[in-house]
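Listed below are the structures to be examined.
After this come two complexes, each holding chain A, first together with chain B and then together with chain C.
Then we have the complex of A and B:
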């Protein structure tokens, strides 16, 4: 893709995100001056840049949105919910078109029509005098030409037009082109553009407002309106005016209807000629006829044409003035002074009749080609930040992973040198070198990880819009509070988070938050508060979704679970309130009585839990009936590299994720307590249950009867548990690969990792092992 | 051939303007807002002409022009306002602050270059 367009796509996305954020902020706090200023600037900048490309529909809706925000900013127009809705739709539409631009380098075919509708809606929403909108409607090809309107427009052409029309059949396009007042500052040349109208049969111009006296006249304001009749089709004409579509109306008129529209004999109203006008025009003819040196010729034509034009305009003969201008342009292009002379002479001879330019203006080198960015290699501008393709970083991360695995083979090599080849010294040197490489590898890993870190804001920023739309749909009032959007986490973690969060927020709005009337009856504030908060806690990111809604009712949850056959009667009776609340995470559980299209789509909170746990995180929940619910997600900062501890079990090696391990202890066999069929031991005056990992894994080997037992103290699901193993191994960093293929269905394993000596390490999923 | 300083908060716009200017043989320095522009000037940059946007974060074009006019080195440097704004009030404000010319973007390369030519002292 062209680098300029690529830059625009990136810039547009940034600006759109900012604009959406400010728009929502503004809806909450309408007098937030900083927000409206930022919002206006975002849209303004975006509109400005869009003008560099051939994306008129995009520019048009941004322009309308800009006008809306301008009205809010400067004219104190109140920002209504409807205005926000249509503004958000505009941002969405822009986003979609930006996507299309990125994919195809062009807007979809439907863009022009969609743009007209949307721009009109925007303008209607803030009550703008929708000149653009009205023009847009008239421009649609299926509009029936109204004889009355046409007649009015045709009044600017003169009697000669009847002659032309009487020889023609077929249909004409009546074009009204009203250039922007400030067009001269935009580098536009309205006359030049009008002269380029293909298949032109007549061209005339009128003043939009009465001409001012010379001293009050602002010569830099365009006060002209062009009228043209063309035989060319709609598409050709729209293509010509594609940069100024809102300034142009195009009507279809059959030649017969045209003739009909101009009452026979009704000569166009032509003001009586001022004698001075005739005098001045004659002087110009004399000037043109006088011999002139080659070098001065062009200047003379221009001077004569200008004077003639101005005189005619001042006297109210706008059509005549335009035809002189047209003749001058033609004369210049074709190097035929006669054209200009005869035009002025004609005007002079009959101030009421102007010969229309019968031939289409010669095709001139398109100025459009210049406006479009050139295709040559673009210049580099100094970037403020470096944007890197995600794939490149992923590739780097994979290489770092491989480096870490490769470096892990050095200790094995050192041991072999020592034990197998008796090279103690060499073994030690290898070990020393290993420490150096280890340190560098870890720093490298740290740097790459830092590059992959993204702020939580990336995920959170999508929620204000979502919550707003949902709340409106559900008829609830919700204020979303976001905290800790600067908290950083690995890109993978961030990406994993969006769907679970989305699901939980939907659930929260749908089920937890009460309708306003109910909240008032309960004595709660009408507007519910939903909070999304993130913070870093050692090597974890903690994300909380807090609401002040209904809270979870343990009794109701238990009954539902029982009805659904998830638990039996005994279990229901024995269940603690906390356990009952955790039922919402059970598979096949959904508390909504009816499945709504908001949150209930057959997936429950179990999907959330699974997604979070798959990412190495866990879900906790606390809730108070009538007061609200807090769901807490703990996720590792990074998922790329996992620290595990290896343990030996009957000469087999397993890995246990390091973040679960609290400590390692050796418990004398005599100190093991037996409580019924279970075992436990005392750890600093606390009774800790002791589970034998071998029996959890259903290994059949008999327990070795040693003096003491190696125990790994782990924390799983909020519980401290001792795991009896045969021997401790070492801590190491591994790249954890999930079990794939036929093994994917095996429970109890978090994945596999490749060891430095080529063996495959099975890493256990203790949560699953202990729960079953 | 002249040294041009271009200020615009849109990287796309900066890229496009730089390209036009460099193709015409000018050297180009850029900044994303008025503050960066002032930093460039106080850092010793002596552009022969300055192009600036009006709507920019941190320091807008009007404030930048005023600042540049206070600086002895750029007191008489031509400053062209390049904006999508077309209100007469803004134009007057920019003129009062010391802007030399006013162009509406996107400009045609030729309109931009001929404006520069008019404003630059004859080589």
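Then we have the complex of A and C:
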């Protein structure tokens, strides 16, 4: 993908996310001026950048949205829920198109039609606001729509027009003359005709489609459009254009309205300082400054000039664009790159120079929002953050992993030097060197992990929108409170989290939160509060989803589980309230009477538990009937390093994830109870089932006959189980690699890790092993 | 001829008809650096297109006051004055 497009895609995603956030903020607090300004700016910037690419449908809906937000901003109208719905839909559609752009570099074929419908819906939803807005900007109400349309056309006129108009009163005719493409072949000279316009006050021309390079230009195809302001009457003008009436539109505009409309639209005179433009221009300067081989020089100049010209045109700086093009031509002719360089530098300086003026000017409609982003110090051109492909970070992480493994072989070497070759001194030196390398490797690992750390806000930021839409759909009133979005965790952990959180929040809104009427009857506030909170707790992140809804009813849950055949009668009677509440995590459990499209397919909560456990986390739950429920997820900060305990089984080494292990005990053979074909043992007066790892792994070696059995007490799937092995090994940190290729289908293994002495350690997935 | 090449520049004189557009474009491609239109009394729209799109720098002020008044502000740089109505 071309780099400009790639950067547009990234920028667009950020802007869309910000816009959605501001839109929701605005719905909550309608008079939040900062939010509407930010919203307008995001959409405006996005629209501006989209103009660089061939994505007219995208630009069109953004343009429509920009108009709407501008109208809302100027009139301080509160957004209705319907307006927000449509606006969010527009942002969603834009997001989808951005995705399509990233994949295929073009918009889908349906985009043009979809864009028209959406723009129309948008205008309809904001209808009352928008027409009112135009009226407010125009001097007299009956010419209001014309003045609105004129603003766009007026953008192409020279700044001097303002001075002309300030001396005039009465009304003007705004003429747009778009000659036929093939008019030259009919012997017409549109320029001659345009120059004949009586009472002309201003004349401007624009290109209908962007100008081609001289090589590709067809000089006999008319690509011109003329805009003129005239003091002459309608009749006189119509008489002049009597042969080409279909190519001309004539609008009446009072001079006062024109004066009002020009500053808002006169882009060439007061350019909208789009930060991207500045960045792109700076980049062209850098390109020109970089040393280039003779053969590439002309190509580079042309590339720099083209980019600068297109960027400027897209941003409405037509004059500046033309001067860059001119400078390029001169530079080529004279073989002096300095000419082109200084032209771009001048334009850039002008852009920057406009900024203080913009900031100082009394607030004009549509102006203050644009001034703000540009008001940052203009010398700040190099961004302080990098966007890096995740693959590169993963590659670094892998290398760090290998370094750690390689480093771990040094102690083996030291021991060998000492024991096998009798070199004590050398052994000690190797050991010393090892500790130095060990320290550096640890720090390196720490830094790479820190790079992968992302704030929880990345996941949380998607929820305000989701909760709003859901609550509206369900007719409930919910306020989402987010806490601790700054809490950081590894990118993989953050990414694993979204789906479980989504399920839980959906469940929460669907099942836990009562409808407003019910809440009032219960004496609760009408609006329910759902809280998403994250915090760091030593080497774990803790995420809580707290609601003040119905709470879980243990009796109801038990009955439901019984009806579904998940538990039998005895179990139902013996179950504690806490155990009953945990039933919602059982597979195939759903309490919703009707299956809605929100939740209630009976997959939600067990999926949550599986996903969290797969990421090495735990789920806990507490609930009080009628008061609410809290679900707590504990997740490791990073999934890159796994702590395992090694165990030996008939001379073979296996790894068991440390977080499953509760304790290690040695059970005398005589204390092992046999219940039919199963074995068990007593641990502090509790019967714990004993499974032999050898038989789980279907090993055929004979059981070692010993006095006692080494037993690893583990907790898997909420049960305590004893695992019989041959001997305990040591605990270690490993970089776990999932089984790949043909081995990927092999169940029972979480992955492999390389040991310091070069052996491969198979790490077991006990949950899967025990389930089978 | 209303158009001719003079060293680095293109000279426009009198009324420049549509045919001059092609010639001007050719000169521009062949490396002409500027257009001197001080002798020009009228310019066909096709020629204007070439001036607008090629970004050729302009020298002098056209002989016709109509062109000087309306076209100079429309075209890029090197123009000696900005007009006002």
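As a convention for this text, the second predicted complex is superposed on the first by the 396 of 772 C-alpha atoms of A that agree within 3 Å, B and C clash if a C-alpha of one lies under 4 Å from a C-alpha of the other, contacts with A are read in each partner's own complex, and residues count from 1 in each chain.
What we mean here is this: a residue touches a chain if its C-beta (ideal position, glycine included) is under 8 Å from a C-beta of that chain, and two chains touch if they have at least 3 such contacts.
Because the structure is a prediction, the values reported are computed rather than measured.
Peer 1: Report for A:11: first if it touches chain B alone, second if chain C alone, otherwise both or neither.
Peer 2: In the superposition, A:11 touches chain B alone.
Peer 1: Could you say whether A:325 touches chain B, chain C, both of them, or neither, answering first, second, both or neither?
Peer 2: A:325 contacts chain C only, not chain B.
Peer 1: Of the two partner chains, chain B (first) and chain C (second), which one does A:195 touch, if any: first, second, both, or neither?
Peer 2: Once the two structures are laid over each other on A, A:195 reaches chain C alone.
Peer 1: Looking at A:49, would you say it contacts chain B, chain C, both, or neither? Reply first, second, both or neither.
Peer 2: first
Peer 1: Which partner does A:419 contact after superposing on A: first (chain B), second (chain C), both, neither?
Peer 2: neither
Peer 1: In the superposed arrangement, does A:179 touch chain B (first), chain C (second), both or neither?
Peer 2: second
Peer 1: Considering only the touch criterion stated at the top, classify A:204 as touching first (chain B), second (chain C), both, or neither.
Peer 2: second
Peer 1: If we overlay the two complexes on their shared chain A, which of chain B and chain C does A:447 touch? Say first, second, both or neither.
Peer 2: A:447 contacts neither chain B nor chain C.
Peer 1: Which stretch or stretches of chain A touch chain B in the complex?
Peer 2: Going through chain A, the ones touching chain B are 3-4, 7-8, 10-11, 38, 40-41, 44-49, 51-52, 180-182, 185-187, 367, 370-371, 373-374, 378-379, 381-384.
Peer 1: Within their complex, state which residues of chain A touch chain C.
Peer 2: 158, 160, 163-164, 179, 184, 189-192, 195, 200-205, 207, 211-212, 214-215, 217, 219-220, 222-224, 309, 319, 322-326, 328-330, 332-334
Peer 1: For the complex, which residues does chain B have touching chain A?
Peer 2: 9-16, 18-19, 22-23, 28, 30, 32, 53, 55-57, 83-86, 102-112
Peer 1: If you look only at chain C, which of its residues touch chain A in the complex?
Peer 2: 8, 18, 21-22, 24-25, 28-29, 31-34, 42-50, 52-57, 66-67, 70, 73-78, 82-85
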